[in-house]
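Next up is a structure, given as structure tokens.
Each chain gets a letter, A, B, C, D, E and F, in the order it is written, and its residues are counted from 1.
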Amino acid sequence: MRLHIVNPNTTASMTAKIAAAARAVAQAGTVIDARQPTMGPVSIEGFYDEAFAVPGMLGCIREAERDGVEAHIIACFDDTGLDAARAAAKAPVIGIGEAGFHMASLIAARFAVVTTLGASIVPIEYNLRKYGLADRCARVRAAEVPVLALEERNAAALGKISTEITAAIRDDRAEAIVLGCAGMADLAAELAHEHGLPVVDGVAAAVTLAEGLVRLGLTTSRLGPYAAPRTKTYSGPLAGFAP
Amino acid sequence: MRLHIVNPNTTASMTAKIAAAARAVAQAGTVIDARQPTMGPVSIEGFYDEAFAVPGMLGCIREAERDGVEAHIIACFDDTGLDAARAAAKAPVIGIGEAGFHMASLIAARFAVVTTLGASIVPIEYNLRKYGLADRCARVRAAEVPVLALEERNAAALGKISTEITAAIRDDRAEAIVLGCAGMADLAAELAHEHGLPVVDGVAAAVTLAEGLVRLGLTTSRLGPYAAPRTKTYSGPLAGFAP
Amino acid sequence: MRLHIVNPNTTASMTAKIAAAARAVAQAGTVIDARQPTMGPVSIEGFYDEAFAVPGMLGCIREAERDGVEAHIIACFDDTGLDAARAAAKAPVIGIGEAGFHMASLIAARFAVVTTLGASIVPIEYNLRKYGLADRCARVRAAEVPVLALEERNAAALGKISTEITAAIRDDRAEAIVLGCAGMADLAAELAHEHGLPVVDGVAAAVTLAEGLVRLGLTTSRLGPYAAPRTKTYSGPLAGFAP
Amino acid sequence: MRLHIVNPNTTASMTAKIAAAARAVAQAGTVIDARQPTMGPVSIEGFYDEAFAVPGMLGCIREAERDGVEAHIIACFDDTGLDAARAAAKAPVIGIGEAGFHMASLIAARFAVVTTLGASIVPIEYNLRKYGLADRCARVRAAEVPVLALEERNAAALGKISTEITAAIRDDRAEAIVLGCAGMADLAAELAHEHGLPVVDGVAAAVTLAEGLVRLGLTTSRLGPYAAPRTKTYSGPLAGFAP
Amino acid sequence: MRLHIVNPNTTASMTAKIAAAARAVAQAGTVIDARQPTMGPVSIEGFYDEAFAVPGMLGCIREAERDGVEAHIIACFDDTGLDAARAAAKAPVIGIGEAGFHMASLIAARFAVVTTLGASIVPIEYNLRKYGLADRCARVRAAEVPVLALEERNAAALGKISTEITAAIRDDRAEAIVLGCAGMADLAAELAHEHGLPVVDGVAAAVTLAEGLVRLGLTTSRLGPYAAPRTKTYSGPLAGFAP
Amino acid sequence: MRLHIVNPNTTASMTAKIAAAARAVAQAGTVIDARQPTMGPVSIEGFYDEAFAVPGMLGCIREAERDGVEAHIIACFDDTGLDAARAAAKAPVIGIGEAGFHMASLIAARFAVVTTLGASIVPIEYNLRKYGLADRCARVRAAEVPVLALEERNAAALGKISTEITAAIRDDRAEAIVLGCAGMADLAAELAHEHGLPVVDGVAAAVTLAEGLVRLGLTTSRLGPYAAPRTKTYSGPLAGFAP
């Protein structure tokens, strides 16, 4: 089985880390095809960056579709462009944010999210409300660590994340933690051990969900908002993406 | 990997059908250990049957734990006894109802459930509200087919289920269907083909989710309501189940 | 009028305390028929104990029906087995949890619950959501007092409960308190006096609601999930409970 | 026990009917003290009438307090002026709307309301949302019968109400009906018999709830919005109501 | 354009302050017609005062209608009598509470309200739930400043309000503040400057919304709860208000 | 006052129609600065088109900021890119979808939306949930008229929209209609007259709200998700948009 995992930002080292996290959990026969766009921002921190990451990310989706992947994973915790990708792709598409929320819902009545910057709290809350899972989330916390600060092993960043987990257990009655950034994919095991509760990494979660959908033969419904886009003219540098 | 799937009713032919559905979708290395209790009702149709199915089901969970399974699946769409099982087991536990809802949420903005009898509509709605996914479900419909009527290939039953799917697409704006009974596990592919939309069987969905949790090394949090039960005296025929 | 009040655990001293609380508030002509099962756990603290308390509790319901009671009260704050009991009984059935919530809603815009152990917080929250009254409840607090520690007059336990009430008034804007355990039935008056706000005991509340339903001639609707269970075979030690 | 039941409109025949319904269900020792204001509208049909019914109704509350009643019932299904009455009175106050909703919640998972005119649907929906019980109500239906048309035995009015009940069972999955007007108090038994489901009259429901609160020694909390009004100057014809 | 702004209490100095705030923001051609009732309380602090302020307020609405105003504003943050006024008036009616909430929703994902006394928190929360905007409001805070204490420039009162804003930013993640009393209309600019976030005064907000509705030619729908009241008899000192 | 209104698609005739609708309702001193991007799709019908319309739309926002406009309006009913625009702009930003919802909330308890194609129903529902106004919307209906079919006076399109309005009044209890496409801006008056209820055009609504925000001196809060984007590298054809 061939899974496409797209890092919607342009930072190659982050793509490599994501790919490693994905491969670590993938089944024996699964090939992880990790990509990143050549246009867009080096990291996604809030609504503005999201807007400019989406076209490039959708380009990766389109290319991977042509290459015959069986499922797509969008490896940004804001699930950047997820709805558009579902309309664009024949194969199913999973965001690592929703993946983390769904998997955490299977092992805890109530989870907390620890993300990078405060600017991402509301986007994540909007997604939780959209997915219907807001009631399961005790609180979205920000460690105030920029995304790229996670690229190198960084004791200060880890300490800030750990401090938020401690607070989530003590103050929010969190039973599990969902890590709120693809760049935290390598920290889950260590933090779970330190704090004695399940810590969910969305990248790994999404890989198992994507494998599941493929095995089940399920793909995005065409009956509603994910119907194939109507053919029409697109202008300018994005013209090549016209449906 | 060894997965325990428990049919909480005592009908062996239904256990066999469930096991077959599970094996059809399991990974190469997964062993499906299907069980059913020796005490309890022959089918579960509403709150009363649920109550008497739970002790036997929890007995199966306990035995399977001793046998070293890595995850449990409760194969009744009401997710009978799921919360108690999570407290009882070290391995993670998934209900086929929640499994169906979560997987459907990844491929459709809005799904409908088609279950057996009207008496199960409210129990399923309560679960949807508990899980936080009520907003994703357009409607829970009953085909008015008893559970055991599904045991043999039955054109009338299939017709009633199909009629409800037609109505769900036309009247509820359903984009996907979740089949609301373990006994429907063999119908998903046929109904999906007939109606041209994704049809999710909870048994198969739960197998892939259980495999996913095991690969991710995730199990039920002990910090909240699923902490191990306190040691105490149990009396009467159920005394052997004392924690 | 004859009311059946069932303590779903097997601790006779607790049944006696519950019966006393019920008789203290019952009308002149009401007979309180207090029972407890002979099978099941000595106390109910969380989902696992609930599962094994239900069959015995339903046995009490069945016997009391035969004895011609006009209403049933389930005297465990988790409303253990309430839905199954409604399907099983011709007479109406009330849980002391829901009774406390409904009565508190008549005298306060916003109440808090103080229960025994943290493991009961989520079960109570699930009930509040199921009943539709979650918005009325400011917070469910646990005093971390085991159920049976309430059986004897216990200054330490009372102190812990009182501390939570103080916090609920100060931090949660609670206007009234609902005591979250049948074993607290004797504490309501004292705590109300100490804290200067209404304190609702679910046992007493349920007695007046049950008397009300009987006077009104109202009993559980048979049109939905509480339709009489379909006749079917039950096996094993619980076979005698077959509908 | 002395209960005050106030019909907030000025139609004496309706007060008499309400008093009769109350007395029919009250306990042996309960005295029903029925009143109506001398100022205000002859019937309450929507928000405008409500506004002018409240001062007179609060005058009745004040007088009944002086006369030492132990609880008040506001006998208009919109629960007209309920919040103000709670702040004004030492004794507890119950609206017949909320009484009907709470009692119906004890005997059905899902109820419908059948009220008089379409203009009352939204006021009732607002109350359901305020009380937290909106999720329990399948639908509020209007029979398009003016309030005063119910004052005399009226086959046409009864037929319209009955038609809505039929529709609520068939289309809304209603398991019980709450009659949405004090003027329907005499119809509950007949409609329950005709349709084979519980039909709740708010007047009778409120009487049993009021008796219950008095027995429980519970009255409105003073900690929140129902604190006694601050002393201040009132001008004009309503000056006499100054707190 | 002629806008009617009614201060529902009888304090003329407060009406003057409200009128000034309204004129400061009104368009060049807008005439502000500020009124106050001659009957009712000197200030509105909670449900009881509201009840007695409404008839006089509706009298002002009626007179202003006769004088041909094009829109009405109710200048009490509880939106006292708003629903009745909508049924009474041909011109559209806006409450300053809802005006503040709607405008704050356009500039912040999440706002907090700072009002006068604790008794007003629940009435405001009820309105937020009724309007559907409760999810946008982080918290309603009370500065514990009586309404009339705001009539004269008052450093202590300002300090208490400012303290709550500080807490709302720090503890509630508030991005904007809505001032919860018409008497605070002169404080918005100063507090916005001090705290570095948008501070919305409902009076000014309502003026621009009213101007907008008039320009759009929009007025209250007659199809639902705001249909014109049915003609009927009113008795007593309020008889003159009969529809 | 200078208002920027951006049509996020590239169809100039639609921009002209939008500008005309805006000018028709703007105050005397307001200059309407209407723009459209040179890159992106000719119409926006669902999530995919949205994704490619946003960068060009944000380019217009940026240019208009440089030109000193005092507020921005995004004239696509899906409020395409609204959150990103708020982070990008110093001046406040309003979407015509939210504008329609807020204005309709001031004149009706319950409104319905009539939009173009079924693919837009879910995006609009997501927005309603995000804004908190889902409870105010009875239903989102699609007339199945493509966006560009509205560009020329089109009896068939008008007829389909009118049919949906009829259904919304009859079946959804809608009291007002919000037109769900910028291309319907010229139809509001005619449809309101035909159906006898308020019909809200989001373009006109947004103009008055934008004028209001400017008069009030309110702009987007910088404290939360709309903080200015952090400076970082953007690559490829969208590099020029780097914050």
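As a convention for this text, contacts are C-beta pairs under 8 Å (C-beta built on N, C-alpha and C of every residue); 3 or more make two chains touch, one makes a residue touch a chain.
The model shown is predicted, which means the values in this text are computed figures rather than measured ones.
Common neighbours of chain C and chain E under the contact definition above: A, D.
Taken together, chain A and chain E share the touching chains C, F.
Here the repeat of C-D among A-E, A-B or C-E is A-B, since over half of its contact pairs match by residue number. Between chain B and chain E, the centres computed from C-alpha atoms are 52 Å apart.
Between the Cα centres of chain E and chain F there is a gap of 27 Å.
Multi-chain contact residues of chain F (touching two or more other chains): 109-110, 121-122, 129, 135, 173, 224-226. In summary, the structure contains touching chain pairs A-B, A-C, A-E, A-F, B-C, B-D, B-F, C-D, C-E, D-E, D-F, E-F.
Interface of chain A with chain B (complex): residues 25, 27-29, 92, 94, 98, 102-103, 105-110, 131-136, 169, 173-176, 189, 196-198, 200-201, 204-205, 208-209, 211-213, 215-226. Across the complex, chain A meets chain C through its residues 109-110, 135, 173. Taken in their complex, chain B has these residues touching chain D: 121-122, 129. Of all residues in chain D, only 10, 37-43, 45-52, 54-56, 58, 81, 83-84, 86-88, 118-123, 126, 129-130, 146, 224-227, 229-230, 232-239, 241-243 touch chain E in the complex they form.
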